[in-house]
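Quick heads-up: structures coming right below.
In the two assemblies presented below, chain A is common to both, partnered first by chain B and then by chain C.
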Partner chain A sequence: MGEKTPFDEMYNPDGSVREPYRALSEWLAEQPDKALALMQTDAEAIFRRLGITFAVYGSDEGTEKVIPFDVIPRIIAANEWRRLSKGIEQRVKALNAFLYDIYHRQEILKAGRVPEKLILNNEAFCPQMMGLEPAKGVYAHIIGVDIVRVGPDEFYVLEDNLRTPSGVSYMLEDREAMMLLAPDLFHRSKVAPVETYPENLRRTLESVAPDSVRGTPNIAVLTPGIYNSAYFEHSFLADQMGAQLCEGPDLFVDGGKVYMRTTTGPEQVDVIYRRIDDDYLDPLTFRPDSMLGVPGLFDAYRAGNVTLVNAPGTGIADDKAVYTYVPDIIEFYLGEKALLQNVPTYNCTDDDQRAWVLENIHDLVVKEVHGSGGYGMMVGPTATKAMHAEFRKKIEARPDNYIVQPTLNLSTCPTHISGDVAPRHVDLRPYVLVGDEVRITPGGLTRVALKKGSLVVNSSQGGGTKDTWVLED
Partner chain B sequence: MRIEIDHSLTCSLPPGTAQLVMHLLLTPGSGPTQSVDSWSVEVAGIGNAGRFRDGFGNAAHLVNQSRPEGDLAIGVRGVVTTQDTNGVLGKPAGEPVAALYRRVTPLTKAPVTLYGKYRTTKESRLDVLHGLMARVGETLGLPAEPAPEAQMQATGEQVQSQKAEAAPELPPAADFVHLYIGAARALDIPARFVCGYLAPDDEIEGGLHAWAEAYDDGLGWIGFDPRYQLCPTERYVRLAVGLDAESALPLRTVPVGEVTQKARVTAA
Partner chain C sequence: MLGRTAANLFWLSRYVERAENMARLLEVGYRMSLTSRREGGASEHLVSMMQAAEVDEGFDAKHDVADVDTVAHYMMFDPDNPNSVYSCLMAARTNARSVRTAITTDMWESMNGAWLEFSQIKPRDVRGAKLLGLLQWVKQRSHEFRGALLGTILRDDGFSFLQTGNFVERADNTARILDMKYYVLLPRATQVGGDLDIQQWTLILRAASAHRAYRHVYHDRYKAHNIADFLILRPEMPRSLVYCANFVQQNLDSLAKLYGRKEKCQEAADSLLALVEGASMEAIFTDGLHEFLNEFIARNNRVTDALSESYNFY
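And now, the complex of A and B:
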């Protein structure tokens, strides 16, 4: 990690093409001048038509933007994917076991493997969840694991998103666009399908319906509304699954059960895929000022009359301070070594580590413990001296509020940059569904930093996306 | 001791309330210190309420009313037989792990001056817990006591003025409990808020009350009432427990209204 040239996913150091990229390389060579630029224009039109937009908080220019899409797919070999998906499956199983334990007997805390205070005094820990038996024992049903690659066999997990990970609609739309834009390339390669995701999501949700449900469970997607940055995705997923899209006021509790108002009268809801944060879910139990949630929803959940997906309180397992313990968590519950590595993380509350961090901040990445989406973070090598000074102050003031990691030299993929092809840094967010079984969609969302040399892939910070192809044997 | 309880709650609602949803912790459980002989909660909608155990092991009801007319009124009645265990509740089944109650909440923070001296003490946990109870009393005020005779003889005037202030209004019991819990948790001792009823005697008025329970690895949960400076006796009836007053609140509603409540508690 560090100063070396980044790992190029397409070319070997000697300039030869890596095997998974062979078909792509041939196809690129065949393309006439300006073909990529034309494809890029077409892609823009497709995305405008599909209406895929996202909101950037704190930006003045319009609320909605089209997320930049790169027309060159990222390619992952079958054997690479097998390794990755095994590691991901191990991780999500262990994290769900951890959540069960934390909200029951807390054996891992008694054993001293994870510090008790880190969990019990954590804002993300939800005491109201104690003792609850979720259907199939699953807390986090929908997970997005952020992974970066730094070498041919070196993958690191950056973070586990167990609250309400977004972006899966981009994965699906990127594939749809790619098949329209380059059908010939698509047919030359055996690409694992991603379009089964909505069906698998539906199956997963149905499998965790309360035991009392007879027949097909009634599923609703609960959105905070049109002003949420991921509203498009909420309506897209509801539509794809054939589920109802609801806002808080569309739902109500009666007799301990949850109902949806419909034109033909109230309809009981069995499973709610909620895209509202814990705090806003139910003003009776959580923030009383929430206008987004459903009063009594949590109690109906506790009474076993509805399933909330993901369960409240899952955030304790993807807390950045808990992240450093995930390898221990895997060993504790599964008795196995972690297959995927964590990024080494410095603990700023330790005096020696903090001193070292403050001195080397220009080489390091600083993240807010409770931040997400690239907000409140600093990438040392590309940040200004003023920013280094600012973050030094921040860390000194509240060392427990930050985690610090080395700057990872993210792998690069060929990317279309104004008519040319150039390497750009990428990461990967595979989407995992956990219900009666673990279902991992091959590939996931590849985010690409479009600025030369940039390592920040977040769409809110000038990142784009790519279609991700997992090749089948 | 056989204790009869008649607890009434009213809640004023904003005019035009279309849907009222309430969370009730108004059903005591039987355990080592008490057995519930009869109990009823009367409120419109209780018939088809959602019934469940909350995260702290309390029996809870989720009740809703459509277009409630006037103020919400709830009537709770019952008979509980208690026994004196010197405040020891022990380790009843069906409760969350005691460690949960080391979580510090915004309401349960205590100044280090209150508990600091126990940080390095060699005293037993039980002694520490009694010591904390005394310290909370010294901090917030002790129950009125007849002045000792020796003092009376000292300077008549001073004693008189002290007597005139002998029964200043003490803060509500919940303040004592929060301070006590905060101090215990700061010492890594699990401690929780108990909401319940207190049967009157010659000196104590009785009614709704709050006290604390702290955990000893050997004895389990032990009650401490820092407001009256004693461990719960057979006059205490446990209703609900939680991390603090907010999480053990007998009645929560959406929309929020002003709750007034009164409990008539009689020892038979």
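And now, the complex of A and C:
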């Protein structure tokens, strides 16, 4: 797949404009010189003023960066979206069924469809969750599915993010900014709204409150605090939902129930949308040195007096090594074929596959099983010979620590690059909510690799974002 | 509302007010120093201004000479000075960031915008006329924030905490300005002040943004008795002790109504107000102006302590 021209989402190979992009193409042609550059400057100012920033770890305190925002939206046709969302819904249902099974009878392991060793020896497996009954049987309520496109009808799932996926505030604020910057462009298209997300998030959280709750459940968003890189998003979502934004010390457990410390005394909390990793949730159950969590929280959860969203231990279903089994998982629980494809993944513990991988490493992508954010990753075609050699050694030393995939030729979208418009590679993360029903917001976060030819879209590696439009019929 | 949120709101408001007051004090000190230069550029006015701002000790530990540039830098930009405009704006913004869900977007944008603009400024570019311009800017941003607050926020408990913070800080500031120069306000045999007195009185009035309003109220020359009366007992003067104490008391009262019960902080606010309401300048002078001001500052501090006890600040 390496040498082929990537799929361009705006232009057909003959240079004509693809249907979903027609209005955008006309609008772009009408923009006077420098208009895009001016919009770009305005966008930066808007994001800074709103305080939509992320902290960069390792740099000075107070250096809050704005993720670059590209002023040209990415467009998905209605029929393309229908296909995608069906596939996503199938996937999240199967993964939740898988989690229920893993933490109960483990039928799928007994049936030998997923190797037992892969689950039970996995760091992401959470033995404390065994036998626990989460409300409505849902473990992963908030999911971001990373999807790439390589052709008109070819979509692949890169990763299922089932722990605490971030970035949804960018989906919402990118739309907000786009409407401020180019209202006339919206007049020409029928764009599905994304503004429903906070309301749907609230409905989802309410629907998984403990059964004992009468009336409107009391919802809290649990954040590690203002120095966390995603603090803006935590406060944004709490604000949009009308939920209380709490840090660990704001909560305490008494008699198996969770309370927040308010100006008028303790107030019971029913649902916690936590943006703290499993390990830090409760120093009495997980890492004892955690200052971020709430002592006794897990016991309150076990007792069914509070719902944690997402449940601890969901990482076992989005582990990179388990990923290869997702098509089997879908078949096992739903009796259906997977609607969305997985990226073919090579297993380096298999001698034949490893030999082939080591031979062809310059064409392949190598990822650390537990890595994220583009760290610990190598893209063969753009890496140096020295890096190829380094990763060959790493794989030979710890074959189980890496997964290897072909280099996908990600689709490109027109992107504003210093006054001009040029194609750049993109991916897509739609956001899915699972509670009493599955709710998928039409759109998502499009990440774009701003460097020419680059396939790495992570913001930590120089990626930007785009507003993502799903057109309505 | 979380006790922490209430505390953050209270301090957010206090720090915004404090940044404004620091700018006003520095402006006064700067103006006065222009007309009375001392040896080596040091200025007595700058020193007493720093005393009023309670930053003199920190300054002395770092610098030998209190000249305009050094003092201006220390009061505006020095992160080692916990009361510099820089420190106040940073503390205000950090508090605002912690309670973003409890303040409105307009308030946040105003606060965040002020901080971003301020942090872009290079201290060495700010001298002379530029300094006065920047001090003006600080006051304007404070006004803007207060405007956003009054125009957009719900009138609930959060509002009461914000307003209380604002006026507790202002009361403290006015009391300190008065105490810094209390001796020039004491009654003397002659009603007419010399040039030096007039200069000192102007300083006090300007530091409380009261030099024009004074004329409207008294239609008279600057007189020590009137100035003390204006800044302590005049209910129509928005920075006077009685006005601030009244404001704090009313805000805590509405909080007690909202929560359905009185706490220690309402008692503390009542006691603060009792000190100034119905008092006369004659009695205050008889008992001692300095002692009176110290008592006021102590009771005002007690309001903050009682507030954090009553509503679980942490």
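To be clear about the criterion, the second predicted complex is superposed on the first by the 464 of 473 C-alpha atoms of A that agree within 3 Å, B and C clash if a C-alpha of one lies under 4 Å from a C-alpha of the other, contacts with A are read in each partner's own complex, and residues count from 1 in each chain.
Keep this in mind: a contact is a pair of C-beta atoms (placed from the backbone, for glycine too) under 8 Å apart; a residue touches a chain by one contact, two chains touch by 3 or more.
Quantities reported herein were computed from a predicted structural model and do not represent experimental measurements.
Of the two partner chains, chain C is the only one that A:249 touches; chain B does not reach it.
Counting the residues of chain A that each partner touches, chain B and chain C differ, and the larger count belongs to B. Using the contact criterion defined above for the overlaid structures, shared-chain residue A:128 touches chain B, although it does not reach chain C. With both structures placed on the common chain, the touch criterion links A:48 to chain C but leaves chain B unconnected. Looking at the shared chain after the overlay, A:261 reaches chain C, while chain B stays out of its contact range. Legend: residue contacts after superposition of the two complexes on their common chain; A:235 is shown touching chain C, with no touch to chain B.
Partner chain B is touched in their complex by these residues of chain A: 104-106, 109-110, 116-117, 120-121, 125, 127-132, 252-257, 283-285, 288, 295-296, 299-300, 302-305. By the touch rule above, chain C contacts chain A in their complex via residues 1-4, 6, 94, 97-98, 100-101, 105, 108-109, 112-113, 116, 119, 157, 259, 311-312, 314.
Residues 48-51, 62, 225-226, 231, 235-236, 238-239, 243-247, 249-250, 260-265 of chain A touch chain C in their complex.
Touching chain A in their complex are the following residues of chain B: 19, 21-23, 48-57, 60, 62, 64, 66, 96-97, 99-100, 102-104, 243, 247, 252-254, 256.
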